[in-house]
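Just below sit the structures, each encoded as structure tokens.
Both complexes shown next keep chain A, but they swap its partner, so chain B is in the first and chain C is in the second.
So, the complex of A and B:
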């Protein structure tokens, strides 16, 4: 660690590491990533690992469409197998109202080049042979959606960034941020102080606290979400399955990993509850009955960092020049990581991102220009 | 058919009255009703149970007590079954598992979860857990005792040697005799309910869920004693996953609990008490011990144990380690070498030792999974085997409702485990207002425990305890 960098990124999850890598790739190598625990220890390592473009807001669709293009080539790009697989997302709809809404979503997504479609039970069964076709009316299917393995993704980004000269500091806590008269920042860390021109707040669940150090009040709420993983089994499932708040997929390693909504979103803890386990088991076996014979292996919880309009805050803060945000993903930070990395790096290194993200700026809250997204799962 | 069962033994005899038939990869195998699947297969000469999930390497049995995942097979259509702790049933269909397990054939029989309130929940039915249960019950508490093995007794049931210590604490008695006494007492105690074959797998904000193959129970206990024991440590060397490489304790389980020969010629790695005792017991079972090697410059175990095996003509080579298991799908030999002061192998000192079994006696690691899930204060304490819970003199951890005892609270030995269990069990009962056993009994046990540790072999333990015992 040196005492000064051009750019200090707070947070060693996918956002921070992707931004660092994309900066270094553009020749902007005087970068440090500061992570308070281990890489991926916040939301990235706890996420459900799904990647989708089937959203209901044009803003998210545009970003995720681009992100999916990047995910396809990510292992080659990083020279590290991140286990991306376009397994597809299969939404299962079980009431006429939901089916109608799904048809509207599909039409909307198709306008934006996301060629999702409504499929009947038989086709759904061909895509996912273990499905109980009595448990839904129609499926909504997009075959370019997929999954990647969070820890390998984090490792891939970190190794690639390091090769390009980025310093990555783990178990390093940022406890104070100050602006200096010279329009730079002093980052106070448990390893010492760092002077820097830019600070990127990619601290996930800690981003509200980091922003508050510079007087910025990010209007976030932390929602607890639980996930469970089963024993690893030979590949059998196929796509990511989603039904109401239930979702699960089979990882490259063979575990079924997924979650569902429970009544403890406001809990301050990240404890595992038995209620979650039984609810998940009931819902999961309703759509794939033979899962009842599969053993639980792990269970954990993490946070969705939920913004008032379920969209992230991306870009600079007008009142604090040089202080960039990449946070508030409302449960979609992992899938957005690559595109956020690229756009923020362009913002910092070139001054202008290649996709307009001004409407993602923090100022939208003060102006009342909220974005809309209904398709938040879990 | 090959039969590796031991027919006669100077100390032990095995109940082989109830033969059952199981199918293994389409072949009929005769087993006995008290055997587990892995044991029955081993007795019939089957030493490979699965292939590893990534590289399809052959895998046999390693721990033999349900702590590792080396013996997982497909049983009656359900993948990833720990066959070392799964008792045979007539007509059982057992298949080798190649790579990852395949999706179950059938829906599981498990239907719903029973919920149960408990006064004292004891997890683990070894020496510590048995004593904790007995004394909590004697003091007046109702006890639910969980154990993941088919039979109670933990590792006591394989300890054929006589214990040291004071007469009051079972000195001069064989472990197996103590186990029988404790298990009989538990069975005769009306306020202890035993759940054999139940694995306690999760801590859920004060509740503990446990399950066997067909039932799940969510316990809501007022006090918990965690006595989950310890797992044998693996050593790093080439082919250390090859069938024929066992934990030394696993070899002991095969021989003494099930009367099955782990092999015909054994290399013992590690000359601590476990390595020495198991070497001697191998000889008692008529198995040749080729050599005992020890990385340290001197033998770690008691002289009396070392002398016994030396008298029988087995060499103990200190400053030696194992470099490689040789073989294709089973151990055929081992390569060992001398090590320098930094435990690095000295080039040119390699030797090939002919053997079909390599037993690792490299120490134990406390099984602290539940303690970790409950987010207790733990401290890494090498003298006690790894991460262990901080506790007070009565084995109370940083959560006032959770006690830890026996190897789960720090690897030591069965005598001390029993005393810790007794102290913890009594304290759990006292906390709930039960007082049928006077507190002097608990205090005296604590004194006896301190006395037992006061000798030269307790020095290391006492150093470790200084890191984790919280004074009040």
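So, the complex of A and C:
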């Protein structure tokens, strides 16, 4: 660690590491990532590992469409297998009202080049032979959605960033941030102070606290979301399955990983509960009955950092020049990682991102210009 | 340790050898949390009950630390794997007793 960098990124999850890598790739190598625990120890390592473009907001669709293009090539790009697989997302809809809503979603997504479609029960059964076809009316299917392995993605980004000269500090806590008269920042860490021109807040659940150090009040709520993993099995499931707030997939290692919402808004802890297991077990076995015989191996929980409009805050803060945000993903931070990395790096290194993300700026809350997204799962 | 010892399987669920754990330590994964996730031991059906302590000992030795300086990963419930079907009834199963 040195005492000064051009850019200090707070948070060693996928966002922070992807931004660091994309900066270094553009020749902007005087960068440090500061992580308070180990890499991926926050939301990235706790997530469900799904990647989708089937959203209901044009803003999210545009970003995820681009992200999916990047995910396909990510293992080659990072020279590390991050196990991306376009397994597809299969949403199951079980009431006439939801089916109608799904048809509207599909028509909308198609306009943006996301060629999702409504499929009947027979086709759904062909895609996922284990499905109980009595448990839904139609499926909503997109075969370019997929999954990747979070820890391998973290490792891939971290190793690639380090090769390009980025310093990555773990078990290093940021406890104070100050602006200086010279329009720079002093980052006070448990390993000493760092002077820097730019600070990027990619601290996931800690983002609100980091922003508060510079007088910025991010309007986030921390919701606890629980998740579980089963014993590893031969590959049998196929796509990511989603029904209401239930979702699960089979990882490349064979475990079924997924969760469902237990309504823990404003949670003070990430403890897991027995209630989650009973709700998950009921919902999961309804759509795939054979899961009843599969052994659940472990459960854990993490936070969705939920913003008032379920969209992230991306970009600079008008009142604090040089202070950038990449947080508030509302449950979609992992899948957005690659595109956020690219756009934030462009903002810092070039001054302008290649996709317009001005409407993702923090100032939208003060102006009342909220974005709309209904498709938050889990 | 002899060479043979290094080929010994440390994590029986995931077939990870002593050598693979050492390689990961020498690649810079010197805390047990990252080491476990990088080398991928301790994640199988036994939930690390066999290998975590072994790996912690190897890590301590390879990095000249004592065992109590190694932070062990969070133990996740359940203690032993349980079929999902058991949870379908959940508390109702208890109430019926």
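In this section, the second predicted complex is superposed on the first by the 375 of 378 C-alpha atoms of A that agree within 3 Å, B and C clash if a C-alpha of one lies under 4 Å from a C-alpha of the other, contacts with A are read in each partner's own complex, and residues count from 1 in each chain.
Please note the rule applied: contacts are C-beta pairs under 8 Å (C-beta built on N, C-alpha and C of every residue); 3 or more make two chains touch, one makes a residue touch a chain.
Worth saying up front: this structure is predicted, and the values here are computed from it rather than measured.
Visitor: Taking chain A as the common reference, can chain B and chain C both be placed on it without clashing, or not? Answer clash or fit.
Guide: When both complexes are placed onto chain A, chain B and chain C end up clashing with one another.
Visitor: Just chain B (first), just chain C (second), both, or neither: which does A:151 touch?
Guide: After superposition on chain A, A:151 lies in contact with chain C alone.
Visitor: For A:7, using the defined touch cut-off, is the partner it touches chain B, chain C, both, or neither? Pick first, second, both or neither.
Guide: The answer is neither, since A:7 touches no partner chain.
Visitor: Would you check which partner chain A:41 touches, where first means chain B only, second means chain C only, and both and neither mean what they say?
Guide: Only chain C; A:41 stays clear of chain B.
Visitor: With both complexes overlaid on chain A, does A:131 touch chain B (first), chain C (second), both or neither?
Guide: neither
Visitor: Contact-wise, after the overlay, does A:90 reach chain B, chain C, both or neither (first, second, both, neither)?
Guide: A:90: touches no partner chain.
Visitor: Does chain B (first) or chain C (second) touch A:326, or do both, or does neither?
Guide: neither
Visitor: So which one touches more of the residues on chain A, chain B or chain C?
Guide: Looking at chain B versus chain C, the one contacting more residues of chain A is C.
Visitor: Just to be sure I read the superposition right, which of the two partners does A:278 touch: chain B = first, chain C = second, or both, or neither?
Guide: both
Visitor: In the superposed arrangement, does A:67 touch chain B (first), chain C (second), both or neither?
Guide: In the superposed model, A:67 contacts neither chain B nor chain C.
Visitor: Looking at the overlay, does A:254 come into contact with chain B only (first), chain C only (second), both, or neither?
Guide: In the superposed model, A:254 contacts chain B only, not chain C.
Visitor: Looking only at the overlay on chain A, choose which of 112-120, 166-174 or 220-228 in chain B hits chain C.
Guide: 112-120
Visitor: Overlap of the chain B and chain C footprints on chain A, residue-wise?
Guide: Residues 231-232, 272, 274, 277-278, 292-296, 299 of chain A touch both chain B and chain C.
Visitor: Mind listing the chain A positions that touch chain B in their complex?
Guide: 130, 231-234, 236, 254, 271-274, 277-278, 289-290, 292-296, 299
Visitor: Contact residues on chain A for chain C in the complex?
Guide: Within the complex, chain A touches chain C at residues 37-41, 45, 151, 155, 170-171, 230-232, 253, 272, 274-275, 277-278, 280-282, 284-285, 291-300.
Visitor: Which chain B residues qualify as touching chain A in the complex?
Guide: Per the stated touch rule, the residues are 53, 77-80, 99-108, 110, 113, 201-205, 207, 209, 218, 373.
Visitor: Touching residues of chain C toward chain A in the complex: what are they?
Guide: That would be residues 31, 33-34, 37-38, 40, 44-45, 47, 74, 76-78, 81-91 of chain C.
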